[in-house]
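Below you'll find the structures, each written out as structure tokens.
The following pair of complexes shares a single chain, chain A, combined with chain B in the former and chain C in the latter.
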Partner chain A sequence: MFGTGILKGLYITAKNLVGSYHDPERLTTEQYPEERPKLPENFRSFPFLVFDGENAIDGLRCTACKMCEKECPPQCIYIVADRDENGKLMKRPKVFDIDISVCMGCQICAEVCPFESIKMDHHFEVATDNRFEKLLLHREDLAKPNSYYHSIRPTEAAAVDAQLAEEKRKAEERAAARAATAKPVPATPPSNPPAA
Partner chain B sequence: MKPCALAGFASEAPTFSSLEALPGDLSDWLVSFLPDIEWLRWLTASLLAIVLILTVFGLTFAMLTVTERKLLGRFQNRYGPNRVRVFGIRVFGFFQPFADAVKALTKEDIVPAAADKVLHLLAPVCLVAFSLLGFAVLPYGREMTLLGNLDAALLFFFAATSASELAIFMAGWSSRNKYALLSAMRALAQLISYELPLLLVAVPAVMLAGTLSLQGIVLSQADWLGGILPHWNILTPWGFAGALIFYIAALAESNRCPFDLPEGESEIIAGFLTEYSGFKYALFFMGEYFGMAALAGLGVTLFLGGWTAPCEFLQFIPSYLWFYLKLVAVVLSFMWMRATLLRLRMDQLMRLSWKFLVPLALVNLGNAAFWQFSSNWEGAWLAARWAISLAVAIVPFLLLAKTLTAGLGPRQYRYA
Partner chain C sequence: MNSANDIFSQPGFQPVHDDFHGDLLELSIGPHHPSTHGVFRMNATLDGEVVVKLKPVFGYLHRNHEKLAEQNSYLASIPYTDRLDYLSSLTNNWAYVHAVEKLAGLAVPERAEYLRVILGELARLINHCCLVGFLLNDLGTSFTPLLYSLRERERMLDLIEELTGSRMMCNFMRFGGLRTDVSADWLARLEHFLDHQFARYLREQDALLTGNEILLARLQHVGILSPKLAVQAGITGPMLRASGVDYDIRKVDQYGIYDRFDFRVPLGDHGDTYDRYMMRMLEMHESVKIIKQAIRDLPVGDFLDPKAKNRGLRPKAGSCYARIEGPKGEIGFHLVSDGSANPYRYRVRPPSLINLTVLEDMCLGRTLADTIVILGSVDIVLGEVDR
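For the complex of A and B:
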């Protein structure tokens, strides 16, 4: 009949009103500052740099290959590779800055990094009172231990660890094989004439 | 002590309890400190009454805003505002309006460069002023009517409150913004459409009470059948139908959901509010809530027996509290409606008024005339009176509804 739809609607909203007081299940709101959100493992906010061992700077996995810097769509990563006194690359960043006021959290940097160095963080409370300095994160702010990585996304971190261990094992095998084949090399004179 | 019966809350009628006469006595007592100059005392008494009304309804407004937000939340399984705390005390967020007021006051007031500056400034002020005018004639209690027993109170009420739509048009026009102007036009169309049913259903109450004075209309309902059943208009067939129509039209008049087309956030940004910020914006809200409370007060007066108690033995509770309770109940039901219904389309809005409410209101007028004519029927005739009146109320409703909704639903949704 005409108007019964309205009555039905009124009944539903009234049920919500009463129900929300005695059945907390209905209220899906998280009371945020007191109630911390349970983030899914794959939640991502901004990138951070993983380091192994004790020292944050020496243990950085990053080799300053600048892949992430080139791939980052909004170009918010700035890297300067470290060099020793002879000007030889030291395979580690001297400067590694990410401007998180520009970063859009796309995770492309984490995807392209060949050394499993840059990963996406769970930390989202980044508000500060200065958008120029405090939102520009430096190497020291970005470096976080592997244990932290394990704590926020255990599955992925375990897979990464396994992969790194596998790579390390292969590299050692290769090195050992090379060492084994390299030894006789000086004994036998070069059979090929030097290249012209 | 000479009672100051000229204006303000005059204490004329025999008092029922000391609480009943408290506001009047208090005002008389305060006035008695003044020198015995008639006009001075008259002015002070009037001002006191005005201040009292402004305070009560101002606080009611503040509380209603937060109540509405909290209730809307609960109606949708949310918490609603519950954060604001003062000195570490939270009180379920009921300090919210004060935080809102501070925020509104400290915000930048932006006036568009092309706007008509004077009208832009005046519009919110006018809205609040016009909405407040309605409060002047409402009978708040047995001995509490601000303009005494103004003979043309109802007329005054409609004249004053419908002017608030003019303020909305001012706002829309002066903003020099196409959305604001669209919303202003919608507001005017809505006003014209719904003022008619609103007036038409108020007429029967006037007819049966034989007076345009709102206090007189309340007094005509101040009786009980067997001490329990009140003689409120809503408990008669014509009164019930009239109250429903009044309710719908009042929702539309106060621009509330489902008739909030002038604001229509999803269509025209915020309508006439688009170019307002800061305290002017808050004033619009205030005006809207005042208008809503005033219309609810009129509805209570016309159909729910005004300040009369629902049962005779409940009269020990002062009449002004009854009025206030009923008013708040009606306003809360407005919020319930808002939480439930969707906004209408413009053509639906027009059709609802002109094709449905206006004819029903006209039939209702005839029904009320019949009710008045048959007021001395007894026994079996009394049953016949009820039967006829109920039939006159229900049959046109069903017929009209049937013809209007023919071919309109239920809708089949097909997904591409």
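For the complex of A and C:
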């Protein structure tokens, strides 16, 4: 009969209207600034750098290997490795800049980082009044403590910590083994004497 | 009553130029128009209210996608494919990794194949949800069906966000599998969602719209696309099936593991806008069926082939074309490798762009209001049209 479709439709909308007062499944709006979203652990916004210990710059896990800089699809990472006065690489970044006006938050940098240094943040309110300086994050802005990493991604951070501890233990074992086998070495002359 | 429909039904309708009828009006709709679904422009020539010529203009959202991919590594193109058809980024990811896997000869573990099917069909649900909502918005049902659709889509996006980290720019598929594994808890919640909220949504949307007299009057016999023209123009996806052509790449190619699922391909009868709407509604039911079967049969195992190399992938010199059935149609990637770390040639076959080519044929002789509805039923995303 003509008109039944319209009446049926009106019944559905009425059900939704009434339902929105008592059924949370029909009213899913989040009153954002007052009500904070509950972010899932995997949520990602922009990258940050993890540091261990107290000092943000000395404790950086980053060794300036530039893997992320190379793999970053929009090329928004800029790294200069730090050198000591003899020009020797110090395995830490002197400059580590991320232009988050270019970054697309794809997390490929976090994926390729071999030192578990660069991770994805949960902080998403990044609006500023200056789109040039304030959206170019430097080493100091990016460095965040491991405790912060634990607070946003507990399971992932725990797994990373366990893995790093394991690696450290293995490295120490290897060093100890090398020290044990290397003991007789001082008795033998150096195999490649500089005087040659 | 001399209704306007009599004019439309005449074959070879020609505009009349005389003092009484006046001049033709050229009207540029878009690029900044809410009903063109993005920065799309239609140069319509109108005789009164009737469209006599229509020229689609696109390219306003061109982002150099293909050329960028030729300078980037194979891995670095995956996040860019998210931005093609941003309503269903998971199927774009899938099409691209499918092409690279074919090019490099990589195998995909069983579990990853099943998870890809689940995620791909979830992307199809999201896409069709959006389409049904926005199509009704184009019709003038201001926001009610759209917001019901977006409410359910939001729940699916929450699930996707929890899994991939991002609501729309998932960047989740990798060569030889997926980026992370999917937990049993997540799958259980997805199934619960499909059984309860989504089933109710489909029921309500059907009751609200499918038999609605206004919807029938506005959609039936509007924008008819003949099967012959659809095949000749290379139309794919729900639009082709609405014209009655039985061609679904999931059935034709049976890529991945689609031969293991029991699902039907809905076919239209008339090729009008109502059929195109119904295709989406029916496909959602089929997608739900596929997801449930995939969750039921999901094997344990690797989610990523441990031998697969994602970073620094250098496929042997050669070329390949691989395609999958995206929500909008056949999405394919043509890759040419010269053995280096980035593709020599990278080409996307976007379903939206090719489905858009018959827009004029469907709109001629219809009113301007119908044009908007026909465009809505084509289901375009300008990120994919312009790339």
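Worth a mention:
The working rule: the second predicted complex is superposed on the first by the 183 of 196 C-alpha atoms of A that agree within 3 Å, B and C clash if a C-alpha of one lies under 4 Å from a C-alpha of the other, contacts with A are read in each partner's own complex, and residues count from 1 in each chain.
One rule holds for everything that comes next: a contact is a pair of C-beta atoms (placed from the backbone, for glycine too) under 8 Å apart; a residue touches a chain by one contact, two chains touch by 3 or more.
Remember, predicted model here, so these are calculated numbers, not experimental data.
Three-chain overlay on chain A, with chain B and chain C in a clash. Of the two partner chains, chain C is the only one touched by A:Pro73; chain B is not. Of the two partner chains, chain B is the only one touched by A:Gln31; chain C is not. When the shared chain is aligned, chain C comes close enough to touch A:Gly105, but chain B does not. For chain A, the partner with contacts to more residues, out of chain B and chain C, is C. In the superposed pair of complexes, A:Gly3 makes contact with chain B and with chain C alike.
By the touch criterion defined above, A:Gly19 lies against chain B but remains apart from chain C after alignment on the C-alpha atoms of chain A. In the superposition on chain A, A:Arg92 makes contact with neither chain B nor chain C. Comparing the listed stretches 25-33, 61-69 or 259-267 of chain B against chain C after superposition, the clashing one is 259-267. Common to the chain B and chain C contact sets on chain A are residues 2-3, 6, 9, 12-13, 16, 26, 28. Residues 71, 74-79, 336-337, 339-341, 397-398, 401-402, 405 of chain B touch chain A in their complex. Within the complex formed with chain A, the residues of chain C that make contact are 72-73, 75-80, 144, 148, 151, 154-155, 158, 161-166, 169, 171, 179-180, 197, 204, 207-209, 211-216, 311. In the complex of the two chains, the chain A residues touching chain C come out as 2-6, 8-9, 11-13, 15-16, 25-26, 28, 40-44, 71-73, 104-108, 111-112, 120. Residue ranges of chain A in contact with chain B, taken from their complex: 1-3, 6, 9-10, 12-14, 16-17, 19-21, 26-29, 31.
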